[in-house]
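Got a structure for you, written out below as structure tokens; questions coming shortly.
Order of writing sets the chain letters: A, B, C and D. Residues in each chain are counted from 1.
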Amino acid sequence: MSTMVPDQRGRYGRFGGKYVPETAMYALEELEQSLDEAMADEQFMANYHEELKKYSGRPTPITHAENLSKRLGGAQIYLKREDLNHTGAHKLNNAIGQALLAVRMGKEKIVAETGAGQHGVAAATVAARFGLECKVFMGKEDIRRQELNVFRMKLLGAEVVPVSSGSKTLKDATNEAIRYWVANVEDTFYLIGSVVGPHPYPKMVRDFQRVIGDESREQMEDLPNKVIACVGGGSNAMGMFYPFLQDDVQLVGVEAAGKGIHTGEHAATLSEGRLGVIHGSITYLLQNETGQIQEPHSISAGLDYPGIGPEHAYLSETGRVTYTGITDMEALDALKVLSEEEGIIPAIESAHALSEAIKQAPDMAKDETILVCLSGRGDKDVHTIMEHLGGEVDE
Amino acid sequence: MSTMVPDQRGRYGRFGGKYVPETAMYALEELEQSLDEAMADEQFMANYHEELKKYSGRPTPITHAENLSKRLGGAQIYLKREDLNHTGAHKLNNAIGQALLAVRMGKEKIVAETGAGQHGVAAATVAARFGLECKVFMGKEDIRRQELNVFRMKLLGAEVVPVSSGSKTLKDATNEAIRYWVANVEDTFYLIGSVVGPHPYPKMVRDFQRVIGDESREQMEDLPNKVIACVGGGSNAMGMFYPFLQDDVQLVGVEAAGKGIHTGEHAATLSEGRLGVIHGSITYLLQNETGQIQEPHSISAGLDYPGIGPEHAYLSETGRVTYTGITDMEALDALKVLSEEEGIIPAIESAHALSEAIKQAPDMAKDETILVCLSGRGDKDVHTIMEHLGGEVDE
Amino acid sequence: MNKRFEKHVDGRSDLFIPFIVAGDPTEEATIKLALMLQEEGANAIELGIPYSDPLADGPVIQRASIRALEHGMSLEKAMNIVPKMRERGLEIPVIVFTYYNLLLQLGEERFFALVRENNIDGLLVPDLPFEESEEWRESCKMNDTALISLVAPTTSDKRLTAIAKEATGFLYCVSSLGVTGTRTDFHSSVFEFIDRVKSLSPIPVAVGFGVSAPEQVAKLKEYCDGVIVGSAIVRQIEAQVDGLTNEETQVEAIDHIRSYIRDLISPYEKLKINT
Amino acid sequence: MNKRFEKHVDGRSDLFIPFIVAGDPTEEATIKLALMLQEEGANAIELGIPYSDPLADGPVIQRASIRALEHGMSLEKAMNIVPKMRERGLEIPVIVFTYYNLLLQLGEERFFALVRENNIDGLLVPDLPFEESEEWRESCKMNDTALISLVAPTTSDKRLTAIAKEATGFLYCVSSLGVTGTRTDFHSSVFEFIDRVKSLSPIPVAVGFGVSAPEQVAKLKEYCDGVIVGSAIVRQIEAQVDGLTNEETQVEAIDHIRSYIRDLISPYEKLKINT
């Protein structure tokens, strides 16, 4: 575990790299160099941390879920409250970092992809804050489903560009964002929302998200026994895991098992995907036999991605991190339990991590601890939850 | 300004008091005594501050609205970010305090009133967190308009009780909550959401909200020149103003002028109301000539209250605080400006305070400062904003 | 002391004090109802002033308030009805039952001017507790007006003593927590409470909130000096709203309510004191 | 070196390299189109493999991919069409244009087995940049297969030198940033860029991305050795989809496209090299 990843070529073992058209290579080279300079610049990092603190409200606290722990009768569950970030999820940590970098590079515009709209809102937010123009690519299908986030982005001054290619969802929005970026690389910065894409994106996003884990290490009195996070592209999980990699701490990533792994309708990339290339990076992905990328399914829009960050593929292969799957229904149950026990409505994404903690806690001792990354708040999901739990919650 | 208010009878000058049926007097006496004991109990206060920190995410930061200030060309505008509290508004500060007090008093149930649902959600949240049963009274008309908050409350395990008396809105929900409380005072705590109601409620809520102002004083390098907050019942404003009362700081409370003071459709209690009794307290209120209470109007459900906390009436009369009015349209404009300039979508309530700051800043020097209480986030209002700004924001 | 209270209330132990809302459903109906109630043995009338936010009242009286407000009833108008009742033979005391905000808006001076002009005998303000009422107690005294005080099962002994000491007219004993409305049964501890009040009160003690059946009246008779009946009567009025509004059916509607009353207070074996 | 490249591409300066999507709209149409293109002077054919996520392609080719995928086209099936083209007279080199993921899934070994079996001459992987392609360069060499490299206006001199040094077949010069698609005009700096590439390249340099008008071809003729035409042709095919699908109208549809091509590359004054 002591070798540094990624290597010079942006490889995490056999994963990662830069599988992009020649037209994009210059932009990646430029980004790589600027990123290295910025990360070594104390003033830049101070700015970044200042914005995290005074704009996004960091550090986010760790809440002891006492009622829930008592109810489960095993390990003590602690929640890292990324839901308390400005705009409601961990996504802003990364968006702030990349936007500051864009400004440092002299770019005037940012472009971003979004599925449910959470990263799009984060991108639109930092664009407003740092005086950048912002275009957000979003599948037509997602625009229809996420009306409110679309309006939030517009209110923040961003242009939401409907994508009608392919399946009209996140992966196609990402394709379009990359296409647009490549054609406008002179003045445009591509702000990716997770630890995916070509090098140096997975590394950059990890480094802007590691504040989650760094803070957690400082806030926990002792190291937790387990740390659990959900994995869509994998940014909240990487940010949380990274500072714990060298420690004696079990790390668990939770993918969306959708309607169940065996139904084929899921987003369990690591357990069901095969090695391939998606959005410029070699990693696991959901695809058919001939290599056409498949649409994943998850009740949570944020986990509904056919690929996974290359570093996760690597950590899975080395065995350092264990990856499991939680179904739509298990996640909804966990969401309900946390709401009732602790007064916290988690994002459905985060409820996947929580559900895994709920499974594992009873088998652990009362003085052991599980730290769960509560990556976002559930307000954005209330419509979805209503559709699924409506009858149960209403008396 | 050096006399302590309220006095022993719960009076702020000629305002306040306890105008409640005899059946409620015992409950108020019990509350008063328990509150005094609790506030003097270090352990209780430590608990309260611990929950604020580790559960709600306090301290909330102060954000310098640099772009906005530059655009206005006058005073520097700073935002106290109560929108970053768990559940999205300052309401939780008070709900945590009262719920802890309920537990300390051995009550098993809480009852609350709510208009838009923000205080209802806060009450349901603390009920879940502290293991209390929760009933939230809400006007039938409001239930219809605020479907999502109703569902959030239910998800948190609260019972939402529809109120069909009177105008079926906040004031009637408050009446019903009081009626229910009085009938069930043995095991039930009434958790009021603002600095209104009979003594000791206005004082208690102020004391649980003063953390806003206390933190602000500590966080600002120098005292601000002006502090501005919106006033519905007046809890965020009281919490913000109280610690500054003895300082050389201009304090401005902003009421909702709705469609304009002269249209009669507003919630500008102090400028248009007359002295009277509402919900157990003597204060200003909107009423017709014979004393029947009138329905106010504001685009923001949280300011849509026909009364005002008695301490505000007092501070207005003594001249210590200036009160102004901002119309629906002015508030919406301010909301749009802040969204585009700083990437922060404020609650429409908070946008009233912001709008006043936007009016006043240009006439001030560049080295002067205005501190605005950003009492809540605007996510809850996106539907309302869509209805009103829809055409403007959409291209 | 107020003469009508002296004659009709003081020293009695079979008090029947009905409550009706002024203007529910019309001014004329209110007058006719008051007269009928006197005929059936009422010792005083509580004349409720309709209010937008009647905090102490249950749904029945809330609805009556709305009916009355729809026709523009107000505190002043209600007080002006009383002379018309007197003209038509009402002799028992009339107690104005009003929320404090209405009083505040009318103003103390104007209120007592109307009290004097209109021969009003008492005042009951449900949301003006003892602690806030000193000034009004003084003015009432100066105007020969009883200020009716309430005590509740949760009222502490200390407050009970203070309230009883200052009480005038009769002492209104609230039978249970919560708001007005009919209840099928009383909690057994209520009777201990009434005993306690009785022992402290120099004036008659009447029990209200929830009185709606002859059995209750019979039981209460053993413990106190009378009953206050509000929601039960108002509910009867509600059932007869159409009849009461229409001149031709008014008598019949009133008689319906009359027979309900007659049955309700039958344990008192009242003599009709007027015809 | 690959014989077909030697014969039809090497040393020429009037290269016309059309791009079509395998299976768009049918296998038979693809064969007929390839033959027609050869007749009109094509020096090589880029046979595009349809892909769900064609990152380097614009909307025209995306739509063609969808059409082909709907009929179940795949990398292996596409490669298996080539012998049928050869049987019917195709002599020019065929370059398989495929995204890297499809190659990865088929596997290197299987891919080259198919290359050998099916007489395939070249490979172009738009998302396999120079840095990631070493291994594939080796294998292509061993299989007499040209691995077509791309250079773009933003490619640094250092990379350009390295790429040009290793390039085989021809060097694909991307005329502008962004994705494939027709453009009405080129940025003037493009010509400086092409000059730079020409001066570094030991093999023919062809320009692609956006070539869609005879005027462009005429202009480019002065700077480089040929043009690659993709979206412009695919758009013609799209307009004739119905005609191409129906056996009776196929010839007519092909002739429509033929006359477009003839006009487009008229500046080259090509001789028909077959038929």
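Operating definition for what follows: a residue touches a chain if its C-beta (ideal position, glycine included) is under 8 Å from a C-beta of that chain, and two chains touch if they have at least 3 such contacts.
If you want to know which protein each chain is, UniProt gives these names: A, B = Tryptophan synthase beta chain; C, D = Tryptophan synthase alpha chain.
Worth saying up front: this structure is predicted, and the values here are computed from it rather than measured.
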Leaving out chain A, the still-touching groups: B, C | D
Centroid distance [mean C-alpha coordinates] between chain C and chain A, Å: 67
Interchain centroid distance [CA atoms averaged], chain B/chain C, Å: 38
Where chain A and chain B are represented by their mean Cα positions, the distance between them in whole Å: 35
Inter-centroid spacing, chain D versus chain C (mean Cα positions, whole Å): 98
Residue numbers of chain B (touch at least two other chains): none
Sequence positions of chain C contacting 2 or more other chains: none
Pairwise chain contacts, counting only pairs that touch as defined: A-B, A-D, B-C
Touch list for chain B against partner chain C, complex: 9, 17-23, 25-27, 29, 165-166, 171-172, 175, 178-179, 182-185, 274-280, 282, 285, 287, 289-293
In the complex with chain A, residue positions of chain D that touch it: 51-56, 58-59, 62, 69, 74-76, 99-102, 104-106, 126-132, 149-152, 154-156, 159, 174, 176-179
Chain A residues within the chain B interface of the complex: 53-55, 57, 60-64, 67, 81, 83-86, 88, 124-129, 131, 148, 151-152, 154-157, 159, 336, 339-345, 379, 382-383, 385-386, 389, 393-395
